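Labels run A, B, C, D, E and F following the written order; every chain starts at residue 1.
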Amino acid sequence: MGTLSIGVFSSLVGSMNLDFAIRLAQTAINKGHTVNLWLSGNATTLSKDKQKEFKDYSHLDKILRDLMGKGLSVVSCEACNQSRGIQKEDLIGGINRASMDLYLANSAQSDRVLHIGVE
Amino acid sequence: MRLALFYSDLRGIESIYNRITAHELGVFLVSNGIYHAVLKENGKPSPILDKKDATFYILKEDLETRGFSDNEVDKRVKVIAYDDLVDLIMDKYEKLAWL
Amino acid sequence: MGELKNKIMFVVQRPPYKSEDPKLALTHALSSGVTSIHIDEEIVPTVAFIGDGVLNCIKDQKSMEAYGITSNERHIKNMLATDTKTLVCKEDIERLGIKEDRLIDASDMGAEMTIKVVPFNEILKEMEANDHLMFF
Amino acid sequence: MGTLSIGVFSSLVGSMNLDFAIRLAQTAINKGHTVNLWLSGNATTLSKDKQKEFKDYSHLDKILRDLMGKGLSVVSCEACNQSRGIQKEDLIGGINRASMDLYLANSAQSDRVLHIGVE
Amino acid sequence: MRLALFYSDLRGIESIYNRITAHELGVFLVSNGIYHAVLKENGKPSPILDKKDATFYILKEDLETRGFSDNEVDKRVKVIAYDDLVDLIMDKYEKLAWL
Amino acid sequence: MGELKNKIMFVVQRPPYKSEDPKLALTHALSSGVTSIHIDEEIVPTVAFIGDGVLNCIKDQKSMEAYGITSNERHIKNMLATDTKTLVCKEDIERLGIKEDRLIDASDMGAEMTIKVVPFNEILKEMEANDHLMFF
């Protein structure tokens, strides 16, 4: 079993890249791999709590919480959050707020890194 | 190197894609990249499928989301699910790049 | 302020599922029907798909099955069911090799309106005839 | 003097389309025009309060408040906000939360409409 | 119609742009659209400037943000500020479209 | 878990100011210098600009004057000042007609490192030599 770090910059709603990342993380965790998820740029919109579920939009809140319960480590960029008005207390419980150096350190310790650096 | 390239869009990334080579190269058509396996623009299959010595994969979920099915996929491209995708990137390819 | 400019054209120029734009174009166009709570006269929407935006019109989109999200197809069907004039560019579907039988229809919802395949020139004329343009 | 409706879908940080829209609104208002701003999709990220100012990122909070003081009407899409976890009480004061039919009605009553429908 | 087209990107919007015509057409190079007025890709000015009967404008702020200055702008394109932009769209052009 | 994979390459493929990606590439690369609070060994970053991403390297970016936002130029200068290996693709700057004297340098900050213009082939070799790739 290996370690996979996934970094994403894409918004919660839009490109569906976060849907992809979460599904990938889920599948990898179910196979016994270790997965780290780094949310930066507009992807920090995923870390905001109280997302209301609409069938029209990506709604990843529940599955994210479920995966964190199974060991998914989620880190959300501190400055990216702050610039968007998302405070520490606004985060989904269990998400760690930190800087990109933690993502790089995790990446260096991972077998695979998939960085999705687009909107 | 053993490189997995995620081809994620319909336009704008060909020029970089065309220049990347690797000892072992997997091209994963995901997101709007899937159109390259199913459309014949101006009557021709996408030139991105002509890349030498590459293995092509397409993500079934992303294909079907956009209204296409397995039988419309170019014969050079293998339809895979998330399950296969995880095995391929964890076992076969060592470096991953999202275009 | 002049007279009411109530003919609004929604032009979808981008493919689905890469951005929220095409879906929002459809929800915006659909909401034309309820503007009467704000203004007296009704807004008349026209929707046109051009460029790679025509890819929104392909039927059998299974985003709900694959990702649990309503498809753009569902929104287009709703739009057709409300008798919104809906155009798709002939040159673009031909260029991309999309046959007309691959286009969405809403006959299963009892809609009489269908997506009309027209040359770009007719879409241009429609742009002339509308008061405001919104490109998505 | 005329009325201009501007609709935007672009994120607060990224394409700088919101910087463009706000600057356009500011210039139009200073010339005596009436301006309506509609925030939908990812542009609803602009409506969140408590944005921290960093020189690295677009920071439009202050100028937006200033323009609202000068008559700029700002409406932010209700469902777009909710799906992103932004509650009514999280909005910058003075921003109205409503649905797209209000934008369309405003547009029908405007001399000009600039709809920026991209990320 | 009197139409103002906002040309906002470097790639991907030419095909639609090329087909749009209007009695009176203003093309506003904004955001990454500004590159069309200053780059000579493969030695040639951008083909988007060849559009017949169009008047071309470029937004000074967006030009300078990207490292270019007035004297690098193609002679067919008029450099304007937000002030001019507001006058043009409120007085001269009646319909606006952002590509 | 195997040995530390500490050579990370940051590849910038998109132009500036249309998305946050290129700026985030630079801030991510810069933060390599402070990862020692998490792991023992240092991370060695390499940055490469390819495709339309080379447009990030044009100097005199006045985003601060025009919009009050730090320019990507400022970030590139910071990066050069920390001696980060920085490559720009020769074929791409030639294709876009960008002369080498239009590229950013950080000599005013006392940097000895400059942006190195190299053929795509050398960037490929660099990709081979790095442990992980991050495309922006």
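Everything below uses one rule, namely that contacts are C-beta pairs under 8 Å (C-beta built on N, C-alpha and C of every residue); 3 or more make two chains touch, one makes a residue touch a chain.
Given the structure is predicted, the values throughout are model-derived calculations rather than measurements.
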Fewest touching-chain hops separating chain C from chain D: 1
Minimal step count in the chain contact network, chain D to chain E: 1
E-F or D-F, whichever has more C-beta pairs in contact: E-F
Most widely separated chain from chain A, with each centre as the mean of CA atoms: E
Per Cα centroids, the chain farthest from chain F: C
Same or different residue numbers at the chain A/chain D copy interface, by half rule: same
Chain centre separation (chain A, chain B; CA means) in Å: 24
Cα-centroid distance, chain C relative to chain F, in whole angstrom: 41
Centre distance in Å when chain B and chain F are each reduced to the mean of their C-alpha atoms: 27
Multi-partner residues of chain F (at least 2 other chains): 17-20, 27, 67, 131-133, 135
For chain B, residues contacting two or more additional chains: 11, 31, 61-62, 65, 96, 98
Residues of chain D whose C-beta touches two or more other chains: 13-16, 23, 41-42, 56-57, 59, 111, 113, 115, 117-119
Pairs of chains in contact (touch as defined earlier), listed by label: A-B, A-C, A-D, A-F, B-C, B-E, B-F, C-D, C-E, D-E, D-F, E-F
Partner chain B, residues of chain A touching it in the complex: 2, 4, 15-17, 20, 23-24, 26-28, 31, 33, 111-118
Residues on chain F engaged by chain D in the complex (per definition of touch): 17-20, 23, 27, 64, 67-70
In the complex with chain C, residue positions of chain E that touch it: 1, 3, 13, 15-16, 19-21, 95-99
Partner chain C, residues of chain A touching it in the complex: 13-16, 19, 23, 55-59, 119
Residues of chain F that touch chain E when the two form their complex: 15-18, 52, 55, 58-63, 65-67, 71, 73, 95-98, 102
